[in-house]
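Consider the two complexes below, in which chain A is the common component and chain B and chain C are the respective partners.
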Partner chain A sequence: MDKVLYIDYERCIGCRACVIGCEECSGHDHLSRMFVDELNPGETVATSPTPCMHCVTPACAESCPVQAISIAADGTVLSASMEKCIGCKNCTYACPFGIPKVDDVKKVMYKCDMCYDRTSKGRPPMCASVCPTDTIRFVDQSDLKNDPPKPVQFKWDFGGTIIETRTVIGLPDTEENRFGYREGDGVQS
Partner chain B sequence: MNFYPYEEDSLLFSKISARNVFIVLVILFFSVYIGSEQFGYFDMALYGYLWATILCFVLLTIRITSWTLRPPTRRLWKQGIKMMFSAKGLAFVLKTLYTNIGEQKFIRKRSMYRWAQHMFISWGVLFSFAITFALVLNWLHFELVEPKTYAAVVFGIPLFRMGVDSPLAIAIYHGLNWTGIATIIGCGMALYRRVTDEKKLVEQSKEYDFFPLFLLIAISITGSLLTVSALWMEGAFYLGIGLAHQVTVIIFLLYFPFSKFWHLPLRFLAVMVPVYHSMAEQKPCARCGREYATVTQIKDVQLALEKRHLSVPIEHTNLHFSDMCAECRRVSHRLGGYGAKIELGQAHLILEPTGRNGLQLKKGGKQ
Partner chain C sequence: MGHAQNKDYSQRDYDAILRDGEELISTHCCFCGMQCGMNIRVRKEDQSVVGVEPRYDFPMNGGRLCPKGVAAYRQAEHQERILHPLIRKNGKLEQATWDEAMDLIVSKIQEIQGKYGKDAFGIYSGSSMTNEKCYLMGKFARIGLGTKNIDYNGRYCMSSASVGFNQSLGLDRGGTNPWSDIKFADVLLIAGSNTAECHPLSMPYIWGARDRGAKLIVVDPRQTKTALVADVHLNIRPGTDVALVNGLLHVMIKEDLIDKDFITNHTTGFEELKELVHSYNPAYVSEITGTAADKIITAARIFGQAKNGFAMFARGVEQHATGTDAVSNYVNLCLVTGKFGRKGSGVATFTGQGNGQGGREHGQKTDQLPGFRKITDPKAREYIAGVWGVDESELPGPGLSAFEMLQSLGKEIKGLLLVCSNPIVSSPTVGDVGEYLKSLDFFVCMDFFLSESAELADVVLPSTVWIEDNGTMTNVEGRVLRVKGVDRTPGESKRDWKVICDIAERLGRGQYFQFNSPEDIFNELRVASKGGIADYYGITYEKLDKMQGVFWPCPTEESEGMPRLFEDLTFNFPDGKARILAFEYKGPNERTSKEYPIILTTGRVVYHYLSGNQTRRIDTLRNFCPDPYVEIHPKLAEQYNISNGETVKVSSPRGSIELVAKITKITREDMVFVPYHWGKSLAINHLTNPALEPKSKIPEFKVCAVKLEKIASSAGEMHG
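Up next is the complex of A and B:
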């Protein structure tokens, strides 16, 4: 079964368990590849986790001058190869989703590889395993994309450039607004 | 996968490859011609190595041509070379050449063990090949000028003389043994780590990671056995060992441009990176105003993406997502998901979601 990450970010409580879980994954060299960002600091407590979107046509790989970023057979976009990466940071700028990071001292890029050692054996990635609110889930790709539980994002149109991603983002419910925040009445941004 | 071709002209790669291969072959031919003193000194025992070496150079040239035709690669090489024209830039590059390629300091920061291992492998192999190529291509040979004195002749010019069994001469005859031993130690360390750290090296494979180590060990052992046979076994099995050594070296030469070893040419581009990052004007993020890149690099990345049909513009503005820092890119997508307005404080613009998961200028969003 082909499983992907599903991020339902209105559920996020900002506990950062995913950030710590990521750090502990055996292939991750104690460098976390997960981000939890405050969406409107000082105004609301809304936060969102962001893992790699695992693009079908990864801009990171295309921008890499030494082809250090490869794609596994299952479509996972891997972290940079240790012997190829020259730490130039092109990928960190090319990525439309702000994912790759470069360690300036070790001169190597690192990013989410969906815990390749775990997912290649069918186990869920660390972040999905530790998330206490089910914000991050590891679910069947075709079920999720064909029959999503709510409006989702996995096809992105940037002025005509279509980027499809394996990771799926669940959009907040701004009608009933049971989680997260809403602009306007209550909170001014 | 992106199936767009790299260049509009589908024959461009073939044309440039042919030109580059021609140039390399001409240089090789003349270097051999001069080195062997008009083909006067030719070591026939090295004939097999010679053809494999020439083929290796041809394959490497083709691979390097294809690599440097990729838009981001071409761009970064050009920028680096341009910066070398200033004295400050050149000094910077030379310093990086030493720390990055010579001392390989960044690998030491990854781990001391990996650094020691790689110093043994890389310098072992680099010196081996310096000696091998010099002898095989006849750039260097030894002439017996007096009954007990050799002259070392480089490109036809006698450089220095030494006694047949002087310490220097012995160090030189055995140069390949020392470099071979260094290679064996380094590869042994790498193999040990690959087995004991198996859980951490999640993406390693037999073909890509283990085979190169076995190949280097095989080359070094067969090479050292030649000396053992000559010195202590009165030449027993010399021919067989010699053949085995030749076969392993030829496999290496042909495998080099298409394997893990390909990182050697790539690493030279790393020397351009620090100067590229430090000698250009800093650029503030369009949203939060924090300096996160250089103006030049953002332009270069946008150009490279455009050539690959992967531009990521913010609609109805002159901006691209790469004009924002990584964090602001992540946050903007999420705010867009909430249908919230996104204020680009630095660029004085207000954005809104397009409804197609992109972002665009909000009506009247110019401040």
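Up next is the complex of A and C:
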């Protein structure tokens, strides 16, 4: 069973339950690895959550000089090994999504590992467990990519470099901009 | 799979993870009427509370939690918990023993009641505690203290919905349907509720309906996250709901989008309504409400054409001087279109407090006895007196409502017991409320954190947090459910029901309060509610566990409760017909003026609960929203030359407050919004209007007139 994170931006209420919930996973040392951004403050209340995108070819792991970032058998890009990580921050510069963080006291990188302690036991990650609006879901990868409930994206073009991610984004309606996801022009009540 | 009543809910097919050396307490969140299921992680070796684990199998939320829910457990080991009784000595609260505190309390009760009469000692209680405690408070007031003066903070939140439902349907259960029915609606009309922030766990149901093609109409002055995803957002001027609904009814009647058979067979009063709304044409209603006429027409057509649908609302509709009119008018939308008694059709109010439903059913309301009985009804009095083993003449009559009680402190009421509430943050005109509390001869408060109100008490008794006790709560749907706790009482804290029984004992009334467990109290509550509207007689702790909650009424041991009300379209009146009531638009009690030209409305944010006494102490929640702010539309801000982040003085005829400006297009140009979770100089309730709704006695928190002034200097360090 190959499950990945699916994020439906439109449903996000910006409550950050995922951010706090992330701290509750046994492998997370009470450090949250989740991000929630206000997309256009002052214009709308639209927000979006960002976990690790779990790249198929992860730049963080490739840039790591000491090979501290492993990839699990299911493709999950794990957080840095405490023993190996030297806190050099290469990964934080390499990641196109800005996901890895470095604990400056412990000098160790930490990032979303999709709650490996939970997913390895067949349970959803904490973010997908607690998300009150089903913005973040833990779903079968092939179903999602072959038969998505709405237009989705999992390939990203960074200046000609295509990055494929295991995390899948359900695209918001930017055409009519009903839910405030296009920048600059606000939303009419 | 569980019981059939739960089949269309949000549960998920996963087991919780149990970690080594720990046990899981399967319980519910302490915040809000959704009563989401959660597992509390407890370390076996020392019974310390260490975290939360999703409870995937609970129907209502399937393990999902809002940030308050995730963080709720962090109260248990909080360093600011009160762990010893405190007595005021030389003006300061100092540590004392239980005996000292109890001796003082009992002597003061006796002294005050001896000197001024029984009613001179009042109880101000709350609706975030279990049914057992709410029931006990009502009983203790009536036959422990013998006072008529007990009321509770639900007066500020649930009372208009309660009166509205009673006058329209003859019965007040916050939701007429199980929450899973929401998924089967063709239209959802949500008014005065920022569901996304205040009841986030309703969102999967709303999205469930949307996924099936349902339309969403949101009535709210602000473009909240709930409004942002609506098909039609009616961004009305605060306090104009009655006019808006009259406009919707006008269009539906004119365009024949009503259910005539239903109206004829199951309602009375339609002709009066028809006549009254005749003049409320869209143009006129648009003028009153400040929302476009074409949106009113569109919304009316969507609602009228839909086969199934819900009208749902919350404090934005209810906390008004005409709040009960507005509630009944929203109920009218479902009555004239026949949206009742089916999967996907009904009305609901989003219950704010954890036990907002149960807390209003079992006798801590001043006008009420257990089982939703009226305290003025001779039969009800006789029955309850029988259950309690006293003579009917010993039961007091109705006393003062919550805010009236506060106003009478130091006058009619000389002594006060405050439980599970923080009125000096949550009441209107909080500056005056502080003076009222200070004018008491004696003030005792039970809490687990030293709230702003507790700071003024003569005696503070340390109670336990919710997961250190057992009992039942009744959620937004009318589902009674079991709250379970860890068997511990940190420091010298005690469970408040035990303290109440102890006080009764010391007052010589112990024979009426021989309870050894919450279940003992519940079993008496069952009998006391028997035959009442909220009949719990058939509900046992065992049944609650087995069925994951039971919907009242559940009148017999064989009964499995009633998830959906009015399936036979018989409403709770002698003729079985619902009452269609017609209301002229009167508007808010306070109007804007030349001096106070802007409307202020108040509300909640997702990170905080009520007066914030709990959530402001939890670091992670406080960090996400440390201070109140004032939301101002860019056009209004421009008039006053206010930029984002600048300090603004907001004043009403009653008081003023300095706040940081948050310039945003989500609000209307003729109003400002401020969240209310903070106390002292950060309390927006210094400004709010204490005008009471005549029937429900709810204060008009949602509209008052204010002025804005830009302050040159910064507000400095705030952090409530």
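Quick notes on this structure:
Quick note on the criterion: the second predicted complex is superposed on the first by the 174 of 189 C-alpha atoms of A that agree within 3 Å, B and C clash if a C-alpha of one lies under 4 Å from a C-alpha of the other, contacts with A are read in each partner's own complex, and residues count from 1 in each chain.
Here, contacts are C-beta pairs under 8 Å (C-beta built on N, C-alpha and C of every residue); 3 or more make two chains touch, one makes a residue touch a chain.
What you see is a predicted model, and the numbers here were worked out from it, not measured in a lab.
In this overlay on chain A, chain B fits alongside chain C without clashing.
Contact with chain C, but none with chain B, is seen for A:P124 once the two complexes are overlaid on the shared chain. Contacts of A:S26 after superposition on the shared chain: both chain B and chain C are touched. Contact with chain C, but none with chain B, is seen for A:V45 once the two complexes are overlaid on the shared chain. In the superposition on chain A, contact is made by A:K84 with chain B only, not with chain C.
Contact with chain C, but none with chain B, is seen for A:G14 once the two complexes are overlaid on the shared chain. Applying the stated contact rule after C-alpha superposition, one finds that A:I99 touches chain B and leaves chain C untouched.
In the superposed model, more residues of chain A are touched by B than by the other of chain B and chain C. By the touch criterion stated above, A:T133 is placed in contact with chain C alone, chain B being left untouched. Across the overlaid pair of complexes, the angle with its corner at the CA centre of chain A and arms to chain B and chain C is 130°, in steps of 10. Measuring only between alpha carbons, the smallest separation of chain B from chain C in this overlay is 6 Å. Chain A residues in contact with chain B (one complex) as well as with chain C (other complex) are 26, 46, 180, 189. Those residues of chain C lying in contact with chain A across their complex are 12, 14-15, 17, 19, 51-54, 56, 61, 63-67, 69-71, 196-197, 200-201, 203-204, 207, 223-225, 227-229, 233, 235, 606-607, 620, 624, 634, 644, 663-666.
For chain B in complex with chain A, the touching residues are 1-2, 67, 70, 72-73, 75-76, 100, 106, 109-110, 199-203, 260, 263, 266-267, 269-270, 273, 276-277, 293, 297-298, 300-301, 304-305, 308-315, 321-322, 324-331, 333-335, 337-341, 343, 354, 356-358.
Contact residues on chain A toward chain C in their complex (touch as defined above): 10-11, 13-17, 19-21, 23-24, 26, 41-47, 118, 121-124, 126, 129-134, 178-180, 186-187, 189.
Contact residues on chain A toward chain B in their complex (touch as defined above): 9, 26-27, 29, 35, 37-40, 46, 48, 50, 56-57, 59, 62-67, 71-72, 78, 81-84, 86-90, 92-99, 101, 105-108, 113, 116-117, 120, 153, 155-159, 161, 163, 169, 171-172, 174, 180-183, 189.
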